[in-house]
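Take a look at these structures.
In what comes next, subunit A is part of two complexes: it sits with subunit B in the first one and with subunit C in the second one.
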Partner chain A sequence: MSTAQAVSFNCTQCGAGLDALGGGRVQTHVCPYCGAELDAQDGYKVLARFRDMERPETPFDIGMTGTLWDVPFTVIGTIGWVEYHAGRKWEWVDHQLFSPTHGYGWLTVEDGHVSYARKSRRVPSPAGVSDYLIETSENRPRVKLDGQSFVYYGSGVAKPFFIEGEFNYRPTLEDTVRYVSLAGDGAMLDIVEGGGEREYELVQLPDQAALLTSFGVPKGRWPKPRGVHPLEPLRRSPLQLFARNLFLGASALTFVLALILSTFGQTVGRSDEVSVWWGAKVPFEITQGNRLTEIEIWGNADNSWAWFEAELLDEEDEPVAVFERGIEYYTGSDWSEGSQRVRTRLRLPPGRYSLEVGMTEAEVDWTGGNKTSRMRVSVTEGVVSTFWLWWTAVLLGLAGAVFLAHRVYHYSRLMSGSDWSDD
Partner chain B sequence: METAEHGCENCGAVLPERFAEARMVTCAHCGSTSVLRDEVFRLAGEGGVIRDAPSLIRLDEEVQVQGQRLMPVGLAQFDYGRGWWDEFWCLDADAAGYWLSADEGDYALEQALPRADWPKRFRPKLGAEVEIGGTAFRVTEAETATCVAVRGAFPEVLEVGESHLYFDLTGPDGEIATHERWDGGEGWSIGRWIDPWEVGGT
Partner chain C sequence: MAARVVLVVLVAAIVGGATYAAMNGVWGESSQVISTRAGSPGGGFGVGGRGVK
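After this line comes the complex of A and B, so read on.
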């Protein structure tokens, strides 16, 4: 630790008055006036001199103080980075931060987004992601750190083009840094290699407005975000969350209700399995006149179809209903189509009835099929129609799924800036 | 874990004997230090002036370190020239002792390494590598520090003004080991680096 107050000294190169804000672990101090790199550990001896550096655009100045998650930090240094690849150029700015309680970290300004990075002393598994792995892997490489999975986002090689202020290491304009960024849930992991060392940094995206306000950045200097930062949270209003929960909950309830109601009913008549040449005759009695009665016809159609005619007679042998229904059933090695059953529902007043069903036509119209030869008929009373409930459950579920699709869309947007290609 | 009462030989106030293994305490009233000799605390010197700086750890205030509850009962400050660090002697719920160091956001939690486990053929210089308990460590820092102030109770005698040559060794996955040498003694401790965001009050 060092004294909480800033210590002033004069640049040993140009004599300009400078403030040391960064604590006892600062290694170098680059004078903003003459570009001299001074050894903070050895009487501010001049180590090097950086000339003709183009100042990068950034909303932060050295000496600004603010809070990150209620922890006070001071901006003590600035490094501008540049990366060239395939004829394109990327630039971003890192600001070294210092907190007497939370040590050193970085504020990174890139594409108008400001993120916070801190060193991780714990090592992920695997410990690195090589260029070879990135080039040859079929899927995005992954690493695990403290049980959390991080998936490949981007990589590159960058060089500093501007250095100013205090740092807890010795940066030079000749540095070359290889980085691999991996995206996790709420944090990114950067694997940074340079100078023969490999370091790990955990990156978080603080609330931008709160951060900029806290550091006293005037609104006119607030950076304008371009694109989506890979850590940008999915923001939903309470109303959206309520609607999502309402739709998904109602869909589940409707589904369960339909499932329960579909089990209602009592079999009041059933034929044996008989030859279609004989037909089936089923006498039955209806006692629940306020509910539906379901007539089910089964035939052993096999890659063929069959047509049945049914006649329903009351106690006086007067016809109550006459209807026709067909079945068709086709199968292959890994598919099937149609059904060997057909159902008809009708509302019958209480009383005794007789149902006569016979096959009127049948044909084999698929390779290896068999004509329907056996049939069976059953009658169930007290059936509840669940048709609309099923559809309601599906529609409510689809409405809820829109929100889930929004999450998938959001994730794809987060990864839109990635340099990964599936090719 | 309170034990028998002892009085400060300087001012007569009751010394805060905090745990059975305490070998040194400072008087909360006059700041002088007393060390245990022949079952009696004898006046040993001044406790020095504690320097104040923002800290996540405070003496006698329970702290959670990666979910582990610790009570800092002793604080020693070591000056290494361009700054200083705080070294807290902490006890957990089972009265097991830990050294918790805090230096500008660098936190480490260590326990004394039994002499039988001390590494063999250790070369005390920057970059030197050594294996401890099957883990490879490398010396990443070597400094001389002076004990400038003490408060509370400690399991060993720390003299204000005494110089300690220390070597910090870093393991491959957040492990830390420290080798210390001082007049008349040396020791090893081993533990892990702590993320400051995982240090908090209880």
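After this line comes the complex of A and C, so read on.
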């Protein structure tokens, strides 16, 4: 266990030997033996005496030293806090830290998580979040500090139940502190009000194992985290990130490929627009026998339907295939339904063909409609079935979206400990 | 590294398979078409590019 070099003195109340670890701005020193609060700025004169304090559970002892982001700190004080609300009780422990180069800070042990807080001299906008705003706001209140947004997480009123060690202010067991915690990206902002003052603290969550190891906390005393800390980072392996990028990239690539291939195809036969009484006859030649051939029939159906019969003949005028297809097209002032075109796909071996298409039935079954009177037929070879690619793009996109959903799920878990209610 | 290679091969196989199926019109024939050639089992055009009988 690491410990700091100290200046020693005797408690002016009980005579116990004490170490002064906290530098020149320490205001009070509470004796761990007798609970006397000593004035560190005035010859350790006794200011008050705290009795019958129940020691809180914490993995840190006064005098432990360690580093946070490569800055050496010493644990110089301990305050246990308690908050009661709606029949429930919350407890946490703050440890005042001192660094000869970086001044004072706090380690907070709550629900098995250890966070680090330091005072902020900058003032957020708005400067405070009132209880009235919390109660009446429809959405979580937000404040901004240095361009970063912090969203309401929790609030309450707490008081100390245990005080020991050195502090750069004068704590008492009679203190009450109102706090509002707001969560930001990688840091929380605590607005703390007490004794007529308002202070701002920025809270970060250091790497827990590195922190505890650095302060020399034996593994048997490591706290067991309960729940998720609101600053817990989303941990994903490099393989997960690689898979996410691969799936999303492949999805986008497949989407573009489908768009390009959907333009494939060569028109090999087309009729003029003719009267449906005559029908259409289209001779054509297929050269790409391994691809699909698409036959498109168009009719000028207008709030009506029509039925067509098609016969495909080879170059000996022998029938190869027949099919029947219908079109129906309806429109209103701001809507339309159906289509004036119908497409049929089939696979034809290379060769010369003749397609004969005629209308067999048509009817108007909507107000203001007109029977189909004109038609046109076209034949395209080398058509690509792009639905394979569309579905592949969707599936790969969904696979990538699972990782994005993981992020959303993680942030919803971070806020699960919040006392905010949308009601 | 091996896991990344497997993932890349898997995704490439999926996209390549889909492209092959799309280019060759697998399952792309319309079901309304009926082959009229003698000897046809009927039912139009099956999977695998058999074409019109």
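We take it that the second predicted complex is superposed on the first by the 309 of 423 C-alpha atoms of A that agree within 3 Å, B and C clash if a C-alpha of one lies under 4 Å from a C-alpha of the other, contacts with A are read in each partner's own complex, and residues count from 1 in each chain.
The working rule: contacts are C-beta pairs under 8 Å (C-beta built on N, C-alpha and C of every residue); 3 or more make two chains touch, one makes a residue touch a chain.
The shown structure was predicted, so the numbers you read here are calculated from the model rather than taken from an experiment.
J.: After the superposition on A, what does A:292 contact: first (subunit B), second (subunit C), both or neither?
T.: second
J.: Quick check on the superposed pair: does A:99 touch subunit B, subunit C, both, or neither? Answer first, second, both or neither.
T.: The first partner, subunit B, only.
J.: Who does A:120 touch here: subunit B (first), subunit C (second), both, or neither?
T.: The answer is first: A:120 touches subunit B but not subunit C.
J.: Subunit A residues in contact: does subunit B have more, or subunit C?
T.: Touching more of subunit A: C.
J.: Taking the superposition on A as described, I'd like to know which of subunit B and subunit C A:246 touches: first, second, both or neither.
T.: second
J.: Touching A:325, do we find subunit B (first), subunit C (second), both, or neither?
T.: second
J.: If you stack the two complexes on chain A, which partner ends up touching A:24: first (subunit B), second (subunit C), both, or neither?
T.: first
J.: Is there a shared patch on subunit A that both subunit B and subunit C touch, and which residues make it up?
T.: Shared contact residues on subunit A: none.
J.: Over in the complex, which subunit A residues touch subunit C? Could you list them?
T.: 239, 242-243, 246-247, 250, 253-254, 257-258, 261, 289-292, 312, 318-325, 343-349, 383-389, 391-392, 395-396
J.: Quick check: in the complex, which residue numbers of subunit A touch subunit B?
T.: 1-4, 23-25, 40-41, 72, 98-104, 118, 120-123
J.: Enumerate the contact residues on subunit C facing subunit A in the complex.
T.: 3-4, 7-8, 11, 14-15, 18-19, 21-30, 32-37, 44-45, 49-52
J.: Once bound in the complex, which stretches of subunit B touch subunit A?
T.: 51-56, 80, 82-86, 102-106, 170, 172-174, 193, 195-197
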